[in-house]
Amino acid sequence: MSVRVAVAGASGYAGGEVLRLLLGHPDVEIGALTAGSNAGERLGALQPHLVPLADRILVETTVETLAGHDVVFLGLPHGQSAAIAQALGDETVVIDCGADFRLTDPAAWQTFYGGEHAGSWPYGLPELPGQRDLLRGARRIAVPGCYPTVSTLAIVPALVAGLVEPDVTVVAASGTSGAGKAAKPHLLGSEVMGNASAYGVGGTHRHTPEIVQNLTSAHGAPVAVGFTPLLVPMSRGILATVQAPLLDGVTAEQARDAYVRAYADEPFVHVLPEGQWPQTQSVLGSNAVHVQVAVDESVRRLVAVAVVDNLAKGTAGAAVQCMNLALGLDEVTGLSTIGLAP
Amino acid sequence: MSVRVAVAGASGYAGGEVLRLLLGHPDVEIGALTAGSNAGERLGALQPHLVPLADRILVETTVETLAGHDVVFLGLPHGQSAAIAQALGDETVVIDCGADFRLTDPAAWQTFYGGEHAGSWPYGLPELPGQRDLLRGARRIAVPGCYPTVSTLAIVPALVAGLVEPDVTVVAASGTSGAGKAAKPHLLGSEVMGNASAYGVGGTHRHTPEIVQNLTSAHGAPVAVGFTPLLVPMSRGILATVQAPLLDGVTAEQARDAYVRAYADEPFVHVLPEGQWPQTQSVLGSNAVHVQVAVDESVRRLVAVAVVDNLAKGTAGAAVQCMNLALGLDEVTGLSTIGLAP
Amino acid sequence: MSVRVAVAGASGYAGGEVLRLLLGHPDVEIGALTAGSNAGERLGALQPHLVPLADRILVETTVETLAGHDVVFLGLPHGQSAAIAQALGDETVVIDCGADFRLTDPAAWQTFYGGEHAGSWPYGLPELPGQRDLLRGARRIAVPGCYPTVSTLAIVPALVAGLVEPDVTVVAASGTSGAGKAAKPHLLGSEVMGNASAYGVGGTHRHTPEIVQNLTSAHGAPVAVGFTPLLVPMSRGILATVQAPLLDGVTAEQARDAYVRAYADEPFVHVLPEGQWPQTQSVLGSNAVHVQVAVDESVRRLVAVAVVDNLAKGTAGAAVQCMNLALGLDEVTGLSTIGLAP
Amino acid sequence: MSVRVAVAGASGYAGGEVLRLLLGHPDVEIGALTAGSNAGERLGALQPHLVPLADRILVETTVETLAGHDVVFLGLPHGQSAAIAQALGDETVVIDCGADFRLTDPAAWQTFYGGEHAGSWPYGLPELPGQRDLLRGARRIAVPGCYPTVSTLAIVPALVAGLVEPDVTVVAASGTSGAGKAAKPHLLGSEVMGNASAYGVGGTHRHTPEIVQNLTSAHGAPVAVGFTPLLVPMSRGILATVQAPLLDGVTAEQARDAYVRAYADEPFVHVLPEGQWPQTQSVLGSNAVHVQVAVDESVRRLVAVAVVDNLAKGTAGAAVQCMNLALGLDEVTGLSTIGLAP
């Protein structure tokens, strides 16, 4: 099988990571590579690690350049995906790495992003209960945000098993690549090395409603989510600590069992052995999620920790995983569970 | 005034930072520098940044080498301070950067450290309500732990002002120097660069009872504390996010006012302007604490963020600040509020 | 084809990277994993990124545990390979990632390593002129050191083409993983982050005679090499600047041509387009070498820059490449040319 | 004595570091703080570490805002200093942290910077033989570039003592802050962390003619300089390796003696004890220079290594040191020799 794939936004981090993964995918032929202001440049000048594609010239992101592919990945600033997606027919699978089609609630979209809500597509987190079936054969898929992916996977087993109150606190430390490749002073190396900072505190980060949506869906009733993102000095990786009050009588053993059971058949989610805590280095470049859970008896709270590579399972890896599902390929094709460490 | 000072554990990070600060202190003369296995070595071989002391030879840590100084700073592994402190007379001010004399509750000591409880000394966090007076003229001072310092200062104003329930969640990201200079594989540069990890999850970190003690003291009633430490890729700095449920009716404005009022006269604690969030880089090498507070209405929780340099205000800076108080010097002598950035 | 492979030193960085690569190699079955003091432990506790092997138990490094495999990779401290290699028969391909069999000159061994010289094996740098043929079907292979690999590949084309005097200056900046996983104070994260340092200055680094050997062999006459290694704050990667005086009349165009020609058919060496300079990030985790060359007319010197991942092409990737050659497999099997960036 | 000082370019890295140092200078009163596009903003929003000046408002950089101060520091893009300097009378000491007045040779200026040559001012490297006297009482001073400072100090003792041929090779690894605070994609944290790269290879970096000028001046005859800069993952610090062929008969002892003698009375230059090599961490935030020298007998080359903090002794520290000389203050006032480590 040879699937012809285009990547819009190929000069950015999401697009570059999609390409890195597709270069190792046995069933894919890489077609058009498009960009905005970088159109006309050699890919090698912008993504020097993608040597096999170094001499490809970026073309402009238009319906015309993207049409005629079996799959189109969109790595575009939010608000730009809808027009393109509508113009591409259903013969093309469109996988949006951006935020445009993630939220089902127009009011939440309006509050956190502004502008008109484009609608919602099947949500590309196959590990959510029942979600995988919605992705098989889908023609449009919204890839989850990086923080929502790791936060959701960290706590859903506890919600589904009925172990905790629907009152979740997330503090997640992210590397800088999640902020993209646009040059902003506060993202300069000189500013981020040797530095940890908080931002979007008080529930203002745009990924907040997406986490709420996921947890509410898994719980079957509203879940309150307090979300605090941190920026820490590394390029890739997110580590999320996710906490919720334990219901009466729930034990550490029950908590652990719920996680082991929830992820027993998941190819990419690995519940660590007792006593071993996740580290981002273990999943760099891979589609793996490492999870651990503990019970803090002194405050009767469940504390789960999960890590992902924000660009891989947090964006581009999930996108490829979803493509595999959409096309009926083996879900793990072209994806690794082994991180680059040290 | 010339104060003659000895530093025990001068080859470690706490001892080195005490010396770095004392070299800029106008009233201090540096006496004996002691070490354990490094006794006999030139200080310059172990602390190459301390050029003015490069040719000093480390002597063994004994009562004899430390006696006869006006002030002795102890930067020793826990369990080693008591014997020395007892043998030094009250003519010597002893300031312990270790944990031995921080906890007032022998049971908490037993649970988290094991071994016999040595007792407790005046606790060296002058910014705690009423605490400064206990430190003026004191002959024995226990310097707080780094996590307790930053966590306590982040939430005490809200507790004192009666804004939150006594149910506090701390997630704090620390640089690696807090773990000291003992060579352990998981602290190697190759392991920590590009890596974020969780440890001591579930309330098992030794700083937990110290945070509980501080908050309970400030609140005047028991405070529950869930504490999760993270290790992030930087040498220095801690960023703590500290959260608690808001009491009914409390507003963001009240929260902000409480913090501004609490720290109005504190020389080292700086409440940032609204909308500006703390970053560790701003306080590196200084005794400053930067704090910000927000209200997350969607979960009715107060979220405070504070940063310190774990080696400076988190250890050695606090130690020098306490020395100043003990000796009746101006509290800020030899200490800076200006971090080294970028 | 299924090749049964053992890895000695599986808990170290070289061994871990060999395993990471072998897990993606289609023709390999992973057999015994051995260690020294870590024998008896789960691999997952020491190499948490190697999830598919997490439950494997490390066994002791002995002839018995290693015998009976088609291929044995040795990732051992120098001086330990000879005894094992001799006891394994010629039915086993032995690939030594250590230094024991790299040097042909016993005197050089004696000077730089001390102890008895074990002898020399075919040198695993297929990109050296004529070297590939010596590796096909070999039963014993010495994997080059990381600095020698990158330094040699940076300058050999100029020597072979007769463009420069045999007087070579190498300054190479390395990440910390090259120093291995043994816990030493100067390799702690707190020491290496935010820090660049020189070491082994003045020609004392053990990789010096190996570079001399390679360049002398390529040049067909003695080449003088001044080598200065630097430690910089990253886990992986080496960037080498290699300079030599240009012979009269040699032009920049000739220099570029020599490099393009030398590496035209090399699957892993990529001469960058004019004006683009190598960066280590582009090759992380891959077997790629990126090279660029310029002429500094003001001093009539050729300046070449090359990068490798010290653990991949600099150690474990080269080892797998050599295994492929030894077994008659396609040389590139299981190896990537695409780095993990950003 | 109270000196009234203005800083132009106060929102940049050079300006920020000048302010950090001036805040610790006992004889200085900080006057106007000016900026280009950041005029009108609070300094605290741009330099959050400079808490005592947080509420200062940046004014536009004009002759009017800068006039009437005793000293004006210029931290401006090159080409902007001349107009301002001419309009300020000789009653104002002007210290230019930029490149405009460093080069004496208009042709070198034209080649490396382009545009008209503004002229040259006394060069602010007091450690150059004879240079200190030119700076005492000077009204205009050109602060050296960071690479030239560290490279020059590393090799001048050998040139002055007549130990080496005038054929110098510099490879210098720099942190990212030397590139300034302007947001460029290749300086993003995601691009620089975990990454080492070469740039300006082949003698094209603008600091090349400045190094040539310094060495030629010290040597009293032309010195050829091959200069290769590297970017490594840290905010601050430069480590330079500087090499030159030894003249016949010169010994390692002579080399060492030359360095020890040359810097015996220099307050900021520290020749390390034999066997100890410089690291940038030791000088962070300080005005110190650490130097070491070795002889590589195998190639008969002198190898010197020096480190500075590029923003401190490499820019702002030198600027303050020069101000002290210009005003007749003690040269070391407000400057430290103790770096922030770890």
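Letters A, B, C and D name the chains as they come in the text, with residue numbers starting at 1 for each one.
We adopt the following convention: contacts are C-beta pairs under 8 Å (C-beta built on N, C-alpha and C of every residue); 3 or more make two chains touch, one makes a residue touch a chain.
Note that the structure is a prediction, hence the values are computed from the model and not measured.
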Reference chain D; chain at largest CA-centroid distance: A
Classification of the chain C:chain D interface as same or different, half of numbers criterion: same
For chain A paired with chain B, centre-to-centre distance based on mean C-alpha positions, whole Å: 37
Euclidean distance of C-alpha centroids - chain B vs chain C, Å: 44
Residues of chain A whose C-beta touches two or more other chains: 13, 175, 177, 181, 188, 190-191, 193-194, 233-236, 279, 281, 284, 341-342
For the chain D and chain C complex, residues of the former touching the latter: 167, 169, 171, 173, 175, 188, 190-191, 193-199, 201-203, 208, 224-226, 228, 230, 232-237, 239, 241, 243, 277-281, 284, 292, 294-299, 301, 303, 305, 307, 341-342
Complex interface listing, chain C residues touching chain B: 13, 175-177, 179, 181-185, 187-194, 233-236
Residue ranges of chain A in contact with chain C within the complex: 13, 16, 20, 23-24, 42, 44-45, 47-52, 54, 177, 181, 193-194, 235-236, 270, 272-273, 276, 279, 281-286, 288, 290, 311, 336-342
